[in-house]
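There are two complexes below, and they share chain A, which is joined by chain B in the first and by chain C in the second.
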Partner chain A sequence: MTRGVPRWVIGLMLPIALLLLWQAWGSAANNVRMPLPTKVAAAAVQMVADGELPRAILQSVTRVFAGFMVAALLAIPLGLAMGHSRAIERNVDPLVESFRPIAAIAILPLAILWFGTGTSAAIFIVAYAAFFPLVVNTIAGTKRINPSLLQAAATMGIPRFTTIRTVLVPAALPSIGVGLRIAMGVAWTAIVAAELAVGAKAGGGGSGGVGQMMFVFYAYSIELNRIIVCMIAVGLVAFTLDRLLRGALRLAMPWSVR
Partner chain B sequence: MSEAVRLRIEHAGKRFPAANGKETIAVEDVTLDVTQGEFLVLVGPSGCGKTTVLTMLAGLQLATSGQVLFDDRPITAPGPERGVMFQDYALFPWCTVWGNIEFGLRHGPAGAGMNTEARAQRVRHYIELVGLTGSEEKYPHQLSGGMRQRVALARLMANEPAVLLMDEPLAALDAQTRLILQDELLRIWGQDRPASERRTVVFITHAIDEAVFLADRIAVMTTHPGRIKALIDVPLPRPRDDRTRALPEFQALTQQIWNLIRDEAYRATVT
Partner chain C sequence: MQGSQSTRTVSRGRAVVIYVRTMAVFFVVWALIAMWTGNPILLPSPLVAFEALVELARSLELFEQAAVSLLRMLGSLAIAASIAIPLGLLMGLYRVLDDVIDPTIELLRPISGIAWIPLGLFMFGIGNALPMFIMTYAAFFPILLGTVAGVRAVDGKLIDAARTMGVPHRAVLTHVVLPATLPALLVAVRLGVASAWTAVVASELIGAPSGLGYAIEWYRGLLMTPQVMSFIAMIGVLGYLCDRAVRELAQRLTPWAPETVASR
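Presenting the complex of A and B:
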């Protein structure tokens, strides 16, 4: 029955059906507060046109990147060291594992006290959230190296540091890539949560970002349609970032089978 | 033999602690000298410790008793003068064929003082030698088992180590390629040159005819515990080629070695 119909058309059928259902049900409910697909679309056009939404998204994305970079610079070398050296792992692992279950949002009070309600607090939260999936995956990737690859390097007389760079890092790279993708997702959820919470603390006049924008729509102007626009924007941006990251990883690992 | 001893194994043993608190004896009381330019082949049934002997020579494992020496110095670590070809090839999956063969020259002491052009020339030479021309840009996962083995062989050769330690380097090849590479191996080893200009080789194989064709001397090993059962000289004339395989002495030696390991080989197969 579906033969000849392109896959993307089939893929769109369920979302469109749900949108239609939402529209029909929402119209029937006859409540001014009820968000409707048509209203959401209109709000989206307006928010994009006046530059408000792109500015907020850009603000949040910049923070995600900054925090993400901080996390990568700390977590990847640490993960390599922990995966490679039993002694380092034995010393550092208890510390990492006892912080890992503490959600990023739970350290927000500290972040605000230390860094205020601006960008540095946001970066701190993102870096904290992204750190753990990165370190855990880097350790796993480093440990999973085929030991004969290190032996091969040793029998060729490759110096130790060169071996780390030319053998250990590329061997761990597929796992580091998985860690980067998970970390990116976690970073993005953390930034929205952090901005929402910072928005609550700073009132209307905070330092922006899409999360804070959502807080303003929720607490002050009460515009559910706009909150939904923000939610959709967050989802689309996260999806795009993941695809970009996947593409970059594929370019960085031409040997990988997938 | 007038050449100097390069590798010396004196009453060497290797024991591992086993899970049940006892010890596993991998090899026991192995004594063996390998002289400069000699082609020594280790044969024996599975589990006789051939690979253990090789890894002790490589410095990847250290003997738990006795000593293992290279040029009269104890072997305590791997070194570029003792190149190893691993049973699982140990190719770097993220390097192309070219990158794998160039690896030691590029990152290790084997390529010290060589410029890019000299390195490329060396790599190209060994790629041609093992018949990988046209596959330079492929990654290991795109190659057949036989081709991977050739990459590993070329990578070992490209570093031009004084000692070649090879663990079943031709096992994954089809019969024809295997014969061709046996000839090539002897040529690269330097069978046309005097012993002082040859590499020193320790070579593991399951194939007795391969051992007889290649070796100056064959160490036949036995299991439980792994030790050397017999050391057999192979006085076949060099250079060797296809005619060598047809010699009655070749057949006789093959039979003699088979007689030495037959019982154990059968036992290993049946149990």
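Presenting the complex of A and C:
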């Protein structure tokens, strides 16, 4: 039955059917506020054209990158140290494992208390969220190294830091790459949540970003079409970030990324 | 064997000592920073936070809110699993179904559950329905994808063998495919639990009149930081215990599976 039909055509059938159903059902509902695919598309064009949406996205993405950098700078060296030295791992692990189950969003109220409702609180949340997947995957990657490589380096009298730089880090890189990808996904979710919650609790006040924009559309101007545009944008950015990161990782280590 | 057993208990004892030592250092550093800032709202000392925790536990408020959040999570998990597992089994078994449904899943999946909160507030208002919807959504994708991957990984020879011996189609499903998928399925449920538990806080923070997320936000509004910290700690403890419970369940149900042993 499906012979000869390309797979992507089959894949598009359900989304198109759902959109048509939504359009028909929404039109029949006869409610001005009811979001419709056509209205969402119109709102999307408008929001992109007047630069409102790109600006908000840019702000959120900038925050994600800033927080991500902080997390990477702390987590990767720590992960390498923990994976390399049993003593360091044993002593630091309880702390990491105690905080890991606490979701970044749960820390948000404290972050607001400490850093206010601006960018620094957002960066803190992102860094916290990205930290744990990075540490865990860096440790795992460091441990997976073939011990004879380390022994060979030691036999040849290579200094410890040179060994770490030239043997340990390259061996751990694929796993760090996995950590980076997971961390990016978590970080993006966290920033949207943080902006949303800050928007909700600071009375929609000026933290900016996509999350806050969504909240303003919810609480003040009640524009469901625009909320849906934001949701789609959140999904698109998540997808794009992951693809970009995967591309970058493939360039950096073509041997390991599928 | 005897020897390795005893070294293991010794190292476990040492692990406890190291754990206590690390956490002691953490609390001392915390206390010192608290003394240095001298602002009990910004950073109360660990002792004050502990008192608040005891107080909240004694008044049972801590447990009441925790029970609300936990029940919501269990409810959402049940809904998510009862849709995602059958769907995942079918998608894993029938290529056509996967071709039809998978692209839609991949379109929706990057939109995090949290991004649904503003729209969800319209659809459900503030109450039980919103956090449950968000958590169900959050748990749905990992469970579905894990189940599909699990079914795909079932050894084809097992199915062929069963068919050769004339086992009816249905029995192949319940006696071969399902048990072989179970380990992957439980890993998927574990991911779903983690994902839902992250969503609980965000959705209750904004859209619920009760629960741990709500309590955190309530006490933050009152600037009662020790209470805020107590509830945050509770979220961490429960998150850990939920994960532990699923792992324990996995070990009971699928003692043969290598993953469950490795994850310990």
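In this text, the second predicted complex is superposed on the first by the 246 of 258 C-alpha atoms of A that agree within 3 Å, B and C clash if a C-alpha of one lies under 4 Å from a C-alpha of the other, contacts with A are read in each partner's own complex, and residues count from 1 in each chain.
Everything below uses one rule, namely that a contact is a pair of C-beta atoms (placed from the backbone, for glycine too) under 8 Å apart; a residue touches a chain by one contact, two chains touch by 3 or more.
Small disclaimer: the values here were computed from a predicted structure and weren't measured.
Of the two partners chain B and chain C, more residues of chain A are touched by C. Once the two complexes are overlaid on the shared chain, A:155 sits against chain B while remaining clear of chain C.
After overlaying the two complexes on the shared chain, residue contacts for A:166 are found with chain B alone; chain C is out of touch.
In the superposed pair of complexes, A:146 makes contact with chain B only, with no contact to chain C. Of the two partner chains placed around the shared chain by superposition, chain B is the only one that A:255 touches, whereas chain C remains out of contact. Comparing the two interfaces of chain A, the one with chain B and the one with chain C have no residue in common.
Taken in their complex, chain B has these residues touching chain A: 58-60, 77-80, 82-84, 86, 88, 90, 92-95, 103-104, 107-110, 139-141, 159.
Those residues of chain A lying in contact with chain B across their complex are 146, 148-149, 151-159, 162, 166-167, 170-171, 173, 253-255, 257.
On the side of chain A, the complex with chain C involves touching residues 1-2, 7-8, 10-15, 18, 90-95, 98-99, 101-110, 112-114, 188-189, 192-193, 196-197, 200-201, 211, 214-215, 217-218, 224, 227-228, 230-232, 234-236, 238-239, 242. Across the complex, chain C meets chain A through its residues 15, 18-19, 21-23, 26, 41-43, 96, 99-104, 107-112, 114-119, 121-122, 197-198, 201-202, 205-206, 212-213, 216-217, 219-221, 223, 225, 228-229, 232-233, 235-237, 239-240, 243.
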